[in-house]
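First chain A sits with chain B, and in the next complex the same chain sits with chain C.
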Partner chain A sequence: MFAQLARRAARPAATAAAAARRQFADAAPAAGLMKLNFNLPQETLYDSVNVKSVIVPGATGEYEVTADHVPIVAEMKAGMLTINHEDGEEEKYFVAGGFSLTHEGSATDIVCPEAVKLDDIDGAAVTKNFEAAKAKAASAEAGSIEAAEAMIEVETNRSMGNALGMAMA
Partner chain B sequence: MTVPTTFWRLAGVSYVQYVTKASSTLRAALKEPAKSKALAQETFSYNKSVWSNGEQGAKKLTDSLAAVGK
Partner chain C sequence: MLPRIAQHATRAAARAAPRSVIARGMATEKQIWNQIQSTKNIQKITSSMKMVSAAKLKGDEGRRMTAISFNNWADALNGPPQVVEDATFEELPQRSLIVTLQSDKGLCGGINSFITKSVKNCVAALQKQGKEADIAVIGDKGRGQLRRAYPELIQVSMTEVMSPGNFTLASALASELIAAGAGDYDAVVLMYNSFKNAATYTQMYKVIKPFSGEGEDEPLLAYEFEPDTKSEVLTDLQEYLLTSQIYHSWMDGAAAEQGSRMTAMENASKNAGELIGSLTLKYNRARQARITTELIEIISGASALED
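Take a look at the complex of A and B:
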C-alpha cells in the first residue's frame, strides 16, 4: 500500500526531472553575453560568437539587443550596425538592408546582402551618386519602377552620407 | 501613423529587388580594393546550349538573355 503511494508520488517528480533536462540546446553563454551569428550570402562574419550587445538599425527604429532580450524579428534599413564585443571593443558595419532575428535565449541572427566597414565607403562617390539619383528620381514618371529604383538609390546614398557624418539634403 | 506599405512595394518592386538595388548602390560607392571585391558579387553570366534529339549541345557563354533566343 505504502509502496504504491510512494511510486505514484515519484512519477510526477520523475517527469519534472525529465522536463528540466535540456533537450537540444547549446551551452548557454556566460551571464551578460549573447550569441551572435552575422551572415552574408558570400561570407560568414561571425558564427556563434559571444558578444555583449548588438545595436540593430531596424526599419521601424533602432534598438539594442542584450542578453535576455525578448525574441524579436526585424527588417533592417540601410544604416549602422554596432557590435559591442566581450572585451569592450565596438565594431561598426554599414548594412544595406536585411533581417535581424533574436531567438529565445538572445541568440541573434543578422542576415544581410552586404555589410561594409565605414572606412571602405567613399564620401565623394556617395555625394556624386546621391545627386545623380535625385536627378533620376525627379525626371522619372511618378509611381513607375524607374522612379522607385531611383528613390531606393537616393535613400541608400543618404543613409551612407549620414553614416559618414555628411549632411545630405 | 505608419504607412501600411512602402513606396517600392506600391511601385511593383519586391523586397528582394529592393534589397538587391540597395546593395548595388552601396557597392557602387565603395573605395578600392573593397569595391572590386564587392562588385564581383554582382557579376553574372549565362551559358547557352541547344538541345537536339534529346542531346544537349555544347555550352557557350552568353552575356545577355536577349541574344539567347536568336
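Take a look at the complex of A and C:
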C-alpha cells in the first residue's frame, strides 16, 4: 500500500489526467476498495460508498466486481446481489433486474427498478407464489404472452427461493 | 331580419334602463356585498390550494432527489441537461422527436406555457436549420397549447398521467414513446421544467441519441459487455436509459409544478385580499352615503313639520 502511494506521488501528472477522465467518482477510493452507487427509483441505498466488492447477478452468470475492475456494462437478471463491505460484513439483496455499470476508476453504478434485502423475504410466500406461477405456466397456451409472463414469474420465484437457500423444484 | 334586430335592441335598452336606476341605490350595496363574498370564497380556495401544494411539494422534492441520484449514470452517458434559454439547438441531428413533460392540471403559473414556448423556439430554430422535428406531448394542458401551434407535428399525446409518478409509470410512458417510433429518430429531446426552489424553475432539455456508430465511433468502446451480444444489450440499455431520463425529468417537472402552483396560489390569495380590501372600502362608502341620505331625508322631513 505504501509503495503504491509513493508511486502515485511520483506521478502526479499522470494521476491528475486519470482524475480528469474519471467523471463518475468524486474522489479516488482507498486502495483495494471500490465506490458503489446503488440506486432504486424510489430510494437511494448507497451513494458513493467504499466497499470491498460486489457480486452482481449478470444475465449469463454471477461475477464479482472489485477495485480496478475493467469497465463493464452488464444486464442483470433477477437474482442475488451481494455487497462485501469494508469491515468484512456481507449484505445480500434480491434485485429484480436492471443494469450494472462499472466505470474506469473503480466506480460502479447499480440501477435496478426494485431491490429488497434478502432478510425481508418471506420463504413461505415465495414457495406459494412459485407453485401458483408454475400452475399458471402449465395452464397457459404455449407461445402466448401469458405463458412468457408466467415463465418469468417462475424463474424469479425460483431464484428468490435459491437465494434463500431453499430447494425449488 | 333587420327590424327584428332593432326590436331586440330597443327591448334590451328598455330592460337595461330600470336596472341602472335600481343599481344607484340599495342594490349597489348588495352587489358589492355579493362580490366581496364571492371573492372571499375564491380566496379560501386559493389559500387552501396553496397549503395543499406546500404539503405535496415536500414529497415531490424528496422524489426529485432520489430520481437525481438514480439518474446519475444516464446523465454520465449522454451528458448533463442543457438550459433552453438562449440555446441555438445546433447540436441536434437531422430528425428529432421533442417530448414535452407538461401537466394535466392548470392553476400552476406558467409552467405549461414556458415549455410550449421552448418547443416553439426549438422547432423554429430547427426548421431554420433545415432540420425536422416531431412532437410527443405528455400532459393535457400542454396538448391544448401545442395542438394549436403544431397540429401536424404532434405524433402522440399522453394525458391523465397519474400523480405522483413512479418508475413503473415512467416505463409505461417510455414504451408508449418507443411504440410511437421514438427509436427511429436521430435523437429524442426531453423538454421539462427543472426545479430550483419553490419560487423558481428553469426550462431544460436533454438530448438522447441512440447508441450507434462503428469502428472508431463505436459506442461505449471502453466497456466490456455482459452478455457479449453487445447490440442487444445496447438496445436494452437505450430503453432503460430513456426510461430513467423520463423518470428524472418527470420528477423534476412535478416538483417545479408544485412549487409554481404554491407561488401562484399565494399570489392569487394576496390579490384576492387586496380586492376584498378595496371592495369593502367601496361597500362602506355606499353604506355611509345611504345612511347620510336617509338621515337628511328624516331631518329635512322633521324640520319641515316643525315650521
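Definition applied: the second predicted complex is superposed on the first by the 144 of 169 C-alpha atoms of A that agree within 3 Å, B and C clash if a C-alpha of one lies under 4 Å from a C-alpha of the other, contacts with A are read in each partner's own complex, and residues count from 1 in each chain.
Everything that follows uses one rule, which is that a residue touches a chain if its C-beta (ideal position, glycine included) is under 8 Å from a C-beta of that chain, and two chains touch if they have at least 3 such contacts.
As the structure is a computational prediction, the values presented were derived from the model and not from experiment.
Novice: Applying the touch criterion given at the start, work out whether A:D47 contacts chain B, chain C, both or neither, answering first, second, both or neither.
Specialist: Second partner only, chain C.
Novice: Quick check on the superposed pair: does A:N37 touch chain B, chain C, both, or neither? Answer first, second, both or neither.
Specialist: second
Novice: Give one of first, second, both or neither to describe whether A:E91 is in contact with chain B, with chain C, with both, or with none.
Specialist: neither
Novice: In the superposed arrangement, which partner chain does A:P113 touch: chain B (first), chain C (second), both, or neither?
Specialist: A:P113 sits against chain B and chain C alike.
Novice: Kindly classify A:E104 by the partners it touches after superposition: chain B alone (first), chain C alone (second), both, or neither?
Specialist: A:E104 contacts chain C only, not chain B.
Novice: So, A:Y63: does it touch chain B (first), chain C (second), both, or neither?
Specialist: After superposition on chain A, A:Y63 lies in contact with chain C alone.
Novice: Can A:V73 be said to touch chain B (first), chain C (second), both, or neither?
Specialist: second
Novice: Between chain B and chain C, whom does A:I121 touch in the aligned arrangement: first, second, both, or neither?
Specialist: In the superposition, A:I121 contacts chain B only.
Novice: Residues of chain A that sit at the chain B interface in one complex and at the chain C interface in the other, please.
Specialist: After superposing on chain A, chain A residues 41-42, 60, 98, 113 contact both chain B and chain C.
Novice: Note which residues of chain B are touching chain A in the complex, please.
Specialist: My answer: residues 2, 7-8, 10-13, 18-23, 25-31, 34-35, 38, 41.
Novice: Within the complex, which stretch of chain C touches chain A?
Specialist: It is residues 63, 65-67, 69-70, 72-73, 76, 166-168, 170-171, 220, 222-227, 233, 236-237, 240, 244, 247 of chain C that touch chain A.
Novice: State the interface residues of chain A toward chain C in the complex, per the touch definition above.
Specialist: 23-24, 37, 39-44, 47, 58-60, 63, 70-75, 98-99, 101, 103-104, 109, 111, 113
Novice: Please name which positions on chain A make contact with chain B in the complex.
Specialist: Within the complex, chain A touches chain B at residues 41-42, 60, 78, 94, 96-98, 113-114, 116-117, 119-122, 125-126, 129, 133, 143-145, 147-149, 151-153, 155-157, 160.
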